[in-house]
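Following are the structures in question.
Look at the two complexes coming up: subunit A is in both, with subunit B in one and subunit C in the other.
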Partner chain A sequence: MAFHAKNYPVAYPGQLLCPTFELGEKTETFQEIIRYVPGNGVTDEEYEVNGQKMRALTATVLGEVRFLEQVLQTVPTDEDQSKDEKDIGASKAELEQGKEEQEEEDKGEDNPEKVFIVTVADSNLAGKHVTEDFANNLPREGSIVLARITRISSQRANVEILALENKTIPVDSGVGSNGAGVTAPGGGSAAATLSVSQAAADLGETFKGIISARDVRATDRDRVKIMESFRPGDIVRAQVISLGDGSNYHLSTARNDLGVVFARAFNGAGGLMYAIDWQTMVAPNTGFMESRKCAKPF
Partner chain B sequence: MDSLILPGDKFHVERQENVVLGPGAYCDPKSQKLQPVNAGIEVSRESKKNVFVHVEFNSKRYIPAVGDLVVGLITGSYSDSYKVSLESFSTPVTLSYMAFPNASKKNRPTLKVGDLVYARVAKADKELEAEIECVDSTTGKDAGFGLLEGGNVAEVSLAYSRELAFNSEYELLPLLAKTAQFEVAIGINGKVWIKCDDVRHALACKLTIEECQHHKSAEHKSIIAKNFKSLLNSKD
Partner chain C sequence: MLNTTDRRRILGPANAKPLVFDRSSVPVEENQESAKKSSVSTGNDAIYIENGIVVNCNGSSYLEVRSRTNDKNCTLLLTSIYGPRPSRGAFNAKATLSVQFKEVTLEKIAAGQIKEICTFLTNVFNAVVNLERYPKSGIDVFLSLIHSSSGQQDFELESIITACVNGITLAFVDAGIEILDTVSAGMYKRNVTAFMKNGTEVVGFWKDDDEQSSSENILEIVEKCKEHYLTNRKTMIEFMVRNKNASD
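On to the complex of A and B.
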């Protein structure tokens, strides 16, 4: 039985999980090779057994073992897509037939290699909307983060990163999710989960970021006024565009679903404000309007 | 109406709409209540459209406000701006190279670190570093701004510098002019730059201005006489 099909109850640090590769099904034409790649919570270690050196994947944290098969990237053609669309309306029998065809196609390819990414993660955290597991889940290029504006100048806004939005796995198998793979920001059935940083903001332990004036919005980038986009204390949803140097991430809000999500009037002295359009927020109790670069709420 | 007002008191304004708030008056963003936040003399002025309210109070820490004429000290120069100190231990302000008469990207102004400038506050957002300019941005002329060469600076309280600058009936400078010839630039940030041809006159003027802020205007004449007499009689 292949390692990825085995049922591990739980893995502890130091536990051997699987070799780096194994031989899978063998047919007359080819020999399948299964390769295992270490993911989060797993390391590739070298062991010596009977004087022979071997490599094996070993757990480094306590948690549940997951094998994720990596789909070999093939560019979907128009034909494939139209077939997919037909599948939705097609009967079950046809659908299964289609799947068989697909599998045959896969087998027919030259690459008989299967790749699995092995990860170990705390199963208690899975499925929760907010987790404290920020350390294993650091901001990287393309990540969506929630950040607080700490100071502004005319060229840039400095922020501290508070939480990282995780990639969602639709619990409902995508039935209620609105969009192919991309989740609705802050809402919808496939609501995002967050990894919250536990670092102390008053000690400067949090990760810092910079939103420079050119990265505030997508249009008219040279005429951005930071004062009319962010104020100190605002909570913004931003995307990491580069890791920058050691001290600052570079963030961007140049997208409809990015920008200020929470803000109070008069730099926090007034009431909570709500976005009424993409560059105006209003405080309902006083009626005062302030200009911000708002995130599209839904 | 001139009356003493303390923080937390009520302003004596009848009309509640179109009230324009000046220094010392604060509108609470949550309760929308108007109240004084400084102790001083309540000043309210009514025009047809608006009521202007502010508290006339004395202080020494200058907070930049747009339109103020200030005397600043250049403390650093960067690629496109100077860093200017308006007051020791306060946050510096910026003076852009483009904020000079006939400025262009090619010719930079020739100010150096340590120079004094007379300038106008152009931007004073409380979340941002304030900006000053050495040019009247409406006309593009220099309007008396720029480098202050020589002379020396008297440090006075903010209320006194406002008195010197705005009260045309205040007699100190006319009195001083009877005794000595001088050039003066009054900064609302509590810095009064004064320059005379004679060093002893300059020193006497500086001492007089600094001393007179603590005395009634009736005593100014004798203070001027005393300072000039003692300095002019001293043997170098």
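On to the complex of A and C.
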């Protein structure tokens, strides 16, 4: 029986879960290879068994074991793109879906390798849309974070990181000039899951970041005015571009779906504002407009 | 006073409500109630374990270990872990671990020896915690020794260190911080050895001056420590799994 189909009891740190790969079904034409990749709460360790060294996946936290089959990402072809552009009727969509499924099956047979990501997680946290497990989801390159602007200057905006979108879904549209990144569908943040930092902002215990003026937007980079893009107190959706230096992460909002998501008018004294285009927000009860670098809301 | 503005935060109007993401999370008070108890007798010494007593830290454990020599005496140790939190200073791709040890009641151990204990424990857990997972952060371990057994000596350093290793491991598990193995320590006479991977790897070895075991081979000492380690590890895993199943 394959390891991913087995029933596991509660895993504790140091418990051996499975080898890094195993051989699966065998037919005359092909031999299935099942590969296991360590995810959250799992590590790849070397063990010595009867004098022979081998690598195995080991749990590193207490919780339930999960196997997630990784669907191989296919490179979009011209045909796929033209398909997207067409306005397809419901019946036609169904038909195409059927075709796609068939295609996938074909690919499955061509590729004898299956990849599973093995994770161990606390069942109380798993399946929740908002987790408090910020500690095990620290920001890294490429992660999308929600941050609050704490201070601005002409060259940069300083932020503190409040939450991290820890599960990203392949994009279907709304990707800006940074190319094929991963965002929530449509670029909005509502569909993504978040890990919320529990650290108290007043104690200076949150992770800090910097958005420098050249990373605010993708066009006209040298004419960016921070004052017209962010104000202290704004909540910004940004992407981590590097771990930065000792004290700050480097963040960027140079994408359509990144930028200010929540802002109050009059430096925080007024009401919440709504984005009316990518660089203007309006306060609905006064009608005043302020300039911000807004995130695409949908 | 008016011209000294607080640039760090904007409080907004008095009736402003903070941004709340989800109310489905468990209230903090329940933590204390859900802390499970365990008293497991493992042959000659019994261990009492409790998790999550300290509410404001990321993870904590409380250990009561009965003395080898005197039934009425025991080592009481409270471990709390804070972090990973942002570290200051130079960039570090891995987490930095710090261990602080304090006697909260009677202070019997010399300052130099406390420092030695801290260095020993830091070395052990540097090899055990999956530090690569937590870049740019610091993890702080605070040990509070509430009581230590006073047998023939004024204090028994070896039983304190054993309790520290076991206590820190349990606190890391409670905090959900990734550790490579359920590390535990075993002692024999005045020697302590910390093991991982079911006793196949040694992560720490502590030896005190002592006449009783000075004639013994070091490998024999390690073997004797391993026996104690295996019972300790079994107790800890049993506790963790039982606690987990009870909370589900």
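The rule is simple: the second predicted complex is superposed on the first by the 188 of 298 C-alpha atoms of A that agree within 3 Å, B and C clash if a C-alpha of one lies under 4 Å from a C-alpha of the other, contacts with A are read in each partner's own complex, and residues count from 1 in each chain.
Everything that follows uses one rule, which is that a residue touches a chain if its C-beta (ideal position, glycine included) is under 8 Å from a C-beta of that chain, and two chains touch if they have at least 3 such contacts.
Treat the numbers as computed from the prediction; the structure is a model and nothing was measured.
S.K.: Is A:A269 touching the first partner subunit B, the second partner subunit C, both, or neither of them?
M.R.: A:A269 sits against subunit B and subunit C alike.
S.K.: Quick check for you: in the superposed arrangement, does A:F207 touch first (subunit B), second (subunit C), both or neither?
M.R.: Touch status of A:F207: second partner only.
S.K.: According to the contact criterion defined above, which of subunit B and subunit C contacts more residues of subunit A?
M.R.: C
S.K.: First (subunit B), second (subunit C), both or neither: which does A:A5 touch?
M.R.: neither
S.K.: Should A:I235 be classified as contacting the first partner (subunit B), the second (subunit C), both, or neither?
M.R.: Touch partner of A:I235: subunit C, not subunit B.
S.K.: Just to be sure I follow: which residues of subunit A are touched by subunit B in one complex and then by subunit C in the other one?
M.R.: In subunit A, positions 232, 267, 269 sit in both the subunit B and subunit C interfaces.
S.K.: Can you check the complex and tell me which residues of subunit A touch subunit B?
M.R.: 152-154, 227, 231-232, 265-267, 269-271, 285-286, 288
S.K.: Residue numbers of subunit A touching subunit C in their complex, please.
M.R.: By the definition above, subunit A touches subunit C via 9-10, 12-14, 41, 43, 45, 47-48, 58, 60-63, 122-124, 128-130, 132-133, 135-136, 138, 140, 150-151, 163, 194, 196, 199, 201-202, 205-208, 232-233, 235, 243-247, 249, 262, 264, 267-269.
S.K.: Tell me, which parts of subunit B touch subunit A in their complex?
M.R.: 28-30, 32, 125, 127-129
S.K.: Considering only the defined contacts, which subunit C positions touch subunit A in the complex?
M.R.: Residues 7-13, 19, 21-22, 24-26, 58, 83-93, 130, 133-137, 169, 172-173, 175-183, 196-198, 200, 237, 240-241, 244-245, 247-248 of subunit C touch subunit A in their complex.
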